[in-house]
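Here come two complexes built around chain A, the first alongside chain B, the second alongside chain C.
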Partner chain A sequence: MASTPATMAPAERQRRLELRELLNAKYQFIDRTWDAVFWITAIFIVAGAADITKLLFAGDWDFWTDWKDPQWWPVVTAFATIIIPSALQWIQWVAWRFPTGATYTCTCLFLATWIGRYFQWHIAETYPMNFVWPISTVPAAIILDWLLMRTRSFVVTSLFGGAIWAIMVWSFNYIPLAPFLQPVPFMHHIMTVSDVQGIAYIRSQTPEYLRHIERGALRSFLGETQYVSLLFGGTMAMIGYWVGQAIGRFLAVWPIGRYIKTL
Partner chain B sequence: MESTRGQAQAQADWGPTDWHSAWRTLYWSCAVLLACNLFLWVWDYNFAFTVGLNSASHAFTLHYRTLFWGELLSVGIFAGLWFGWLVRTGLPLDREEIPPAEEVRRIAVLWSIIGATSLSLYIEASFWPNWDGAWHQTMVRDTALTPTHIPMFYFFFPLSVVLALGAYLYGRFRIPAVYAPEKGFPWSFFLLISAAVLEFVQVAFNEWGHSLWLSEEFFSVPFHWPFVAYGWLASGMFAVWGETIIRLFQIEKSARRTEEMPVEHTTAAAGGR
Partner chain C sequence: MRMRLAMVLSIAILISSYATRALAHGEAADEPFLKDLTVAYYDVHVTPTQVKVGDPVTITGSVKILETWPYTLDPPQTAYITPVVPGPCFALTERLINGESSPGSIFVDKGGIYQFKMVMLARNPGHWHVHPGIAIQGTGTLLGPGEWVTVDPSGQPFKLDVTLLNGKTVDLEHFGGAFVWWWSLAGFIIGLIWMLYWTVPKRTVTRLAVTMQLPVNDDAPDIGLITPRDHMWMDLLAGITVLMLIVGWVYMAAKYPVRLPQQTVRFAPDPISPGDGLIAVHPKGSTFDEKTDTLVINFQVKNNGASPVSLKQYIMAMTTFVDGDKQEMAAAGPSEYVGQLAVDPDGPIAPGASRDITLKMTNEVFLQERLIPLHDPQQLIAGLLRFQDAQGKENLVTLKSVLVPTEFQPQYLP
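For the complex of A and B:
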């Protein structure tokens, strides 16, 4: 509950007065154009960093519907997509106390991925969009930001947020994926729609032996594979969250005003 | 880039952070980048499938090896001219006292160059890698200079190095309160420049790796991972924004102190670059 001026400690009252004075000050050179330029130009570097991280750690599982398997997809995607949102959570929280870093990043990533997927995969390479659509991490990011806002703790956000991230990223994207997992008879075999897409659209440079799908002893878990993968995906997301924190803390904020002494 | 006369005129008409003043550098540089990107995309759209599949053909040499050398030459010439201009016009400014309005304008120009660097990094890290992924997962490669590598690796990669270095040179000569050489080399630019340089170096490793281990395209293969490091190191850009914001507040504070002093003072903005 917000404290009233009467119950507030003198130091806190003084701090609030100073903040109010800062807010109401008449500035000669500082105006909203700086905010606008920062938030707009940062979109590009944030989108680029988030997309290259996703592309090169989990890209193959995001490119095609037939790669979105129950074993690897939930693990690599959860790890790769939480890194840059976590870095931006730190930057925006430290700079403005905005609990919006993950949502900002994932919105930038969403736009960048769709531009890439539409113009490059669909227009230039003529793959149908329903074969190469990208996942969205925006709903999971909103929850991650909400968690930071409520707990004000990066440790708690990483522990609970990491696990929630893996589940949310999978479950929100399972909705558009589900129709492609329906069974369909194809050349006297029962396959999924996504399998048929994979056969119909030739990918000469991605032969079957490269695909990390349905491999390993996890098959012995039968119907539980998905849940085991999600649990491990949550663990990987917790690790990814702290990789992102290291980027935000040591590569973005720590260098401010620091110099390598005379070369 | 701005001229001294145009800049003096701009200062007479507009304040240092009006949309028509220093931010023009942002619009124009981004417009040029987008125009280059559009040209390269349309080029690939027209020629990638028709002449880009056989690197031994004469048509490939005509359309793609020529483009490759043209890109490297144009980026090299641009870098030489721009860096030369930045240093030549920057050296005499070293000893000048900078009025607050002019320093604010210069910070806005630096932000504009950083904004263009940000756009260039997005194009090389997201826009082209998408086509590169689609192309190499589909087509058999018979050369390192493939139709998607040529715009991405040999235009936007070196261009990002040039833009990051140019941004530092601009700050080094024109914003001495933050980037004077006696302070040492800023970590922010060290990270940003090393991000761009590392990316370029990784191109060599990538091509070598594809020739040795894996000619097919598994995008998440470990020897692609160093490309990710550049995206992380480019966080140094946030430090550039952070340290110049701190400087803006210092300028604001000192300008307010000057205003509060009872003595008469002049606030005419001096010409500079």
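For the complex of A and C:
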């Protein structure tokens, strides 16, 4: 926590005034073009890292509507999607004091996944977009960045932010999923629209039994599978947050610092 | 440099111009034991083979999970019978297994026979290789014989209408898609405003000179890193995000008040008998001549039943070899996977009689589909002998046999 200017020693006050001037200094060679170059080129790296992490840990859960189930989807996606936003949150906060790491990652991921789904899965593979739409993590990222800005603490952000992340990712994407959870009679059974999509749009190498529907015994919690999963998803997101912090601190920033010291 | 670039581009264009489109499924890539010892398909038919977009195509047939299931694989327990086609060029609308409607997976056993009927609607114009397949948990998808189906455009876009429980009919090709997009885009726009707020009016790279000199939890409002004004605008954007979520949730709850969790249907289909079990067979070895594509199988058979029986077919993996005329061969399955069977000695086997029989089959399909284990750790084949009595009653008997190639071809690679 910073001291207020009134309680600061004169030397410290002077130093901070110099820092203020430094912040607003005009540089001859490092102009706004460099900022633009950085932000734009980083889109591809950040989107790639976030997408690969999501594909590794969440895979099919983010691909098909019939995989977006009440039990595993809130757990798996919460963990998989918070890792890289957390890493970028560390980097952008430490380097520029921007509460933008999560939002930047998730907006980049949004662009990458929608472009990928549209061109690869809809145009090339001809699956309908309403079957292969990606989840959006942007609103959860906004809240995560807001939390860091307000608390200035990665510990507090992980504790509250992890739980909020799991709830936000699930609840924001449950809204567009709702039409696909309507009951429909199909093949003499009652199914959801998403189940019918999964059966009708043939995935020869993704047989139905690969889905994790009704595995485990979560229904023993008064049938409230969804809420138990969300609770667990929040815990997993907290862990994922610190996995991301480790990536940000030790794989991204620390080697750069080491390099700078050698110059 | 330009020359090199031009050369690389020219080579790339040359290679890509020769690349042909993959229309089948690489079924020959599976190892022989995965096909021979696991399942056998018979009576498979895909009809019709010339349709327009929106027209139905039906796949019928049977698959038996053989008692010779390899001990190197997990035992078969859960399976999913599915059309195997290149992506969603068809849309599945009905699936019956042993007469029961089966939207999901089934429980299976070794020795089980599964009769299937799958109805699909042609969705994408093209020339498609259509197979039945049985995906078995722990093993993968095992293919049946394929048939080429030509789908012509119909002049109308494909529609897949389903009627919801509330009576409303929706087209699954587009249902809900626009809402997904606009909803996700709205969230993205808030994120974009958040990013523009920080990156456009503020400088980025040069802030490092300041932040390096401050503790990590110091947002330095007095210096101007994060100001009270920033807090106000970010509070507003975060508030709009939460408000959007609440409004969306209320809208969703009002518009779609009835929602189910995803459903899964699994059951063990009623068993189908392979016959009365009164025919006993004993293998006496088999050979394969790679030069002539000829498979010879020797075995002894004893008819313990009360009526004479004749051997009609030998079924191995996705192929069927028929001791019969062209009509019987056409009825046995897709022509690319059906061959002539020579039975020696031929003719009915009397009740109580034993007979040594030699089967001879010459067909390119053995090597094309990679059915014969020639360089594998175990040289074994298995298949179904299909016997029939005068009344048409059938017996399916599994025969597993050691295979000895007549000679091994020289090879340069291991």
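Everything below uses one rule, namely that the second predicted complex is superposed on the first by the 239 of 263 C-alpha atoms of A that agree within 3 Å, B and C clash if a C-alpha of one lies under 4 Å from a C-alpha of the other, contacts with A are read in each partner's own complex, and residues count from 1 in each chain.
Convention: a residue touches a chain if its C-beta (ideal position, glycine included) is under 8 Å from a C-beta of that chain, and two chains touch if they have at least 3 such contacts.
Just so it is clear, the structure is predicted and the values come from calculations on it, not from any experiment.
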item	value
Touching partner for A:P176 - first (chain B), second (chain C), both, neither	second
Which of chain B and chain C A:V184 touches, first, second, both or neither	second
Partner touching more residues of chain A, whether chain B or chain C	C
Which superposed partner A:Y227 touches (first chain B, second chain C, both, neither)	neither
Touched partner set for A:I45, first chain B, second chain C, both or neither	first
Touched partner set for A:W133, first chain B, second chain C, both or neither	second
Touched partner set for A:L55, first chain B, second chain C, both or neither	first
Which of chain B and chain C A:V253 touches, first, second, both or neither	first
Shared chain A surface residues [contacts with chain B and with chain C]	27, 30, 34, 38, 95, 125, 127, 202-205, 207
Chain B residues touching chain A - in the complex, by the definition given at the top	16-19, 23, 26, 41, 44-45, 48, 100-101, 104, 108, 111-112, 114-115, 118-119, 121-127, 129-131, 133-141, 181-188, 190-191, 215-220, 224-225, 227-228, 230-239, 241-243, 245-246, 248-249, 251-252, 255-256
Footprint of chain B on chain A - complex, ascending	27-31, 33-34, 37-38, 40-45, 47-53, 55-61, 63, 76, 84, 87, 91, 95, 112-113, 115-117, 119-121, 123-125, 127, 132, 202-207, 210, 247-248, 251-263
Partner chain A, residues of chain C touching it in the complex	25, 78-80, 82-85, 87-95, 101-105, 120, 123-124, 133, 135, 137, 140-141, 160, 162-166, 170, 172-177, 179-181, 183-184, 187-188, 190-192, 194-195, 198-199, 202-211, 213-226, 230-231, 234-235, 237-238, 241-242, 244-245, 248-249, 251-252, 255-256, 258-266
Chain A to chain C touching residues, read off their complex	1-2, 4-5, 15-16, 19-20, 22-25, 27, 30, 32, 34-35, 38-39, 66, 68-70, 93-100, 103-104, 106-107, 110, 114, 125-131, 133-134, 136, 138-139, 141-143, 145-146, 149-150, 152-153, 168, 171-172, 174-176, 178-197, 199-205, 207-209, 211, 213-214, 225
